[in-house]
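Consider the two complexes below, in which subunit A is the common component and subunit B and subunit C are the respective partners.
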Partner chain A sequence: MFKDLDPILHSQLRLAVMSVLISVKDAEFTFLKEKTNATAGNLSVQIQKLKEAGYIDVIKQFKDNYPQTICKITATGIGAFEEYVKNLQVYLTQPK
Partner chain B sequence: MEDNQKFSAEQSLQVIQSMIQKVKEEVANNSFYFLLWGWLVFIAAVLNFVLIKFTEFSHPYLVWNLMWVGVVMSIIKGINESKKEKVKTYIGETMRYFGISTAIIYCGLPFIFGSYNLWQYSFPFYILIYTAACFFMGSIMQFPILKWLGLLCLPIMIISVFIGFEWQLLLMALAILIAYIIPGYILSAREKTKNK
Partner chain C sequence: MEQEKTLSEQESLRLITIMINKAKESYHDTGIGAIMWGAVIAVCSLVRLSEVQFDYRLPFDIYLLTLVAIIPQIFISIKEKRERKVKSYDDAYLDYIWLGFGITIFLLIHISNNIFGEWGSWSNEYRSITGKEAPMRFSEFVSPLFLMLYGLPTFITGAACKFKPMLWGGIFCWVCCVVTVYTTIKIDLLLTALSAITAWFIPGILMEVEYRKYKKEQALLNV
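Right, the complex of A and B next:
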C-alpha cells in the first residue's frame, strides 16, 4: 500500500525533521530536538540517515566555545519531500 | 517521537502539519525594534517642535542625536538575538535584511539633506518611507494591522508637504505613533501570548 512512499521519509521522526527543515532556512540540532520531542540519541541516528541519503546537510561548528550542529535541507531533500507529499495525496484521495 | 515506520498516511499528514505549525509559532521579537525606534523618533520630533516653538534654543535639531541611542541598542539587541537564535526562518531573514536596508536609507538621507541644506523637505520623505516600510513588513509578517496603519501615513505625508517645517515635526510624531508605536504594542502583546 505504501510502496510508492520513500522509505527514508516514511518514518515518523525523519518526516518530522524534514517537515521542520522544509519550512526554515536552517535549524540547530537543539531546535529540532525541542520541536520533535525526540531523544538526542535517536535524533542523531535519524539525522545521520537523512544526511547519508543526501536529503540534508549537517554543519558542525563552534559557537561561543560550544559545539553547534546546524541542519539544512538540500535540493535533493526538497525534491524527495515534495514527491513524498504528492504520493501521500494520491493515497489519501484513493477510495478505500 | 519514535522512529515508527508503520504509521498511516493520515498520521504522516498529521506529522507534517503539526511540525509546520510548530515552526510557524516561532515568534521573532520584532516589537522591541518597533517600540524602540517609535518612541525615540516620537520623543525627538515632539522635543524638536517644543524647542522651536517655545524656546530660544539655537540648535533644536540636536535632539535627533537621540537616534544614536537607537543605533547602539539595536546593534546590542541584534548581536544578543543572533547568539540565542536556534533557527533561521525565511521571514526572519527577510525582516533582518529589510531592517538593515532601511537603516542604510535612514542613515544616508540626513547626509543628503544636510549636504544640500534641504531639511525642510526631509520629513515628508521619512513619512513616505514609514508608509512603504510598514506596508512591506505588515505583508511579510502577515500582520495586516501594520500594513493598514502604515498606509494611513500616506495622507499624513501629503498634508506634510503643504505645511511649515515645525508643524511637519508634529505630523512626523503622529506618523511614527501610527506606524511604529501602536503596532509595536500590538506585536508585543501577541509575542507575550505566544511565548507563554
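Right, the complex of A and C next:
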C-alpha cells in the first residue's frame, strides 16, 4: 500500500533545506542559501512554508547590527522527514 | 535551485543524500586555537628541556604560559562561535570534551605538584640516611600522564571531524606516552614538544589553510 508523499517535503528546495537542517543543530539563512544555491527570495518563501507547517523554527535576531535568520528543525519536522524517507523507500523497493 | 520542481522518488533520495553530505562537509575550524596550543606546549617543553640540559632556571615557571594562553583562547572561541553560520551536533559535544580536557589537565597539574612536594621531602630524607640519590625520580613519570591525556580529545576530534592529521596526532601522543615511560626526562620533554607539534600545531596550520581557502570561495560566491 503506497502512502502519498508529504507535499510540503516533496519539492526540490524545501526537501533540500530539510535535508541540511536534519544534519545540523541549526543553520543561518546564508548557509542554507549557499548550500542550496537558491536565490534569497525563493528560499525565504520556502522557509516560510516549512515554518507554517511547523517543520522548522525560524529565529530572527541581530548580529553586529545586521539582521540574522537562524533556522532549526522541529520535532514535528524530524518526524515528517523520517516518514517521508520511509515512504520513499517503500516506493523504491516495492513494484508499482 | 528551482522553486517547486516535482521530484521522482529516486531524485528525492539522491537530493537528500547530496544535501546531507554538503551539510557534513561544512565543518571549517579556523585552526588558530590548535596552532596556539601546539606552539605554547612545544615552547614550554623545549624551554624546560633547555633548563635541564644547560642547568639553569628561569625566574618563573615556564608552564605558567599555559595559564596566560587561556585568555586569547577565550577570545578565539567567542570569535569563532560568532562567525559560525552553522552549528553541528558534534560542535557541542567537542566543546564539552575540550573543556573537560582543560579541567582534567589542571587537576593533574594540581595532583602532580602535591606528589612532587611529598616526593621531594621523602627523597631528601632518603639521601640524608643513605647518602645516595633516590632510585626513582617522580618527574620521569609526569610526561606519560600528560601525553596520555593530550591524545584523548585530539583523537576524538580527529575522528568526529574526519580530520586525519588530528586523528594521527592523537595516536602519536599515545605512542609517545608509552615511549616516555621508559625514557629520561630530556627525551620525555623532547617527545612532549614533538607531540604538541604533531597533534595540534601542524593540524592547526592545515585547518587554517583550508579555512582561508573556504573563505576565499565564499567571497567569490558573494555569500
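Just so it is clear, the second predicted complex is superposed on the first by the 92 of 96 C-alpha atoms of A that agree within 3 Å, B and C clash if a C-alpha of one lies under 4 Å from a C-alpha of the other, contacts with A are read in each partner's own complex, and residues count from 1 in each chain.
Note that in this section a residue touches a chain if its C-beta (ideal position, glycine included) is under 8 Å from a C-beta of that chain, and two chains touch if they have at least 3 such contacts.
Please read all numbers here as calculations on a predicted model, not as lab measurements.
J.: Overlaying on subunit A: subunit B and subunit C, fit or clash?
T.: Once subunit A is superposed (C-alpha atoms), there is a clash between subunit B and subunit C.
J.: Looking at A:I8 after the superposition, I want to know if it touches subunit B, subunit C, both of them or none. Which is it: first, second, both, neither?
T.: neither
J.: Classify the contacts of A:A38 with the two partner chains as first (subunit B alone), second (subunit C alone), both, or neither.
T.: In the superposed model, A:A38 contacts both subunit B and subunit C.
J.: In the overlay, answer first, second, both or neither for which of subunit B and subunit C A:L92 touches.
T.: both
J.: List the residues of subunit A that touch subunit B in one complex and subunit C in the other.
T.: 5, 10-13, 15-16, 19-20, 22-28, 30-31, 34-38, 42, 45-46, 63-64, 85, 88, 91-92
J.: Okay, in this complex, where on subunit C does subunit A touch?
T.: It comes out as residues 1-7, 9-10, 12-13, 15-16, 18-20, 22-24, 26, 82, 85-89, 91-92, 218, 221, 223.
J.: Going by the contact rule set out above, which residues of subunit B touch subunit A in the complex?
T.: It comes out as residues 1-5, 7, 9-13, 15-16, 19-20, 22-24, 83, 86-90, 93.
J.: Quick one: which bits of subunit A touch subunit C in the complex? Just the residue numbers, please.
T.: 5, 10-13, 15-16, 19-20, 22-28, 30-31, 33-38, 42, 45-46, 63-64, 85, 88, 91-92
J.: What part of subunit A is in contact with subunit B in the complex they form?
T.: Residues of subunit A touching subunit B: 2, 5, 7, 10-16, 19-20, 22-28, 30-31, 34-38, 42, 45-46, 63-64, 85, 88, 91-92.
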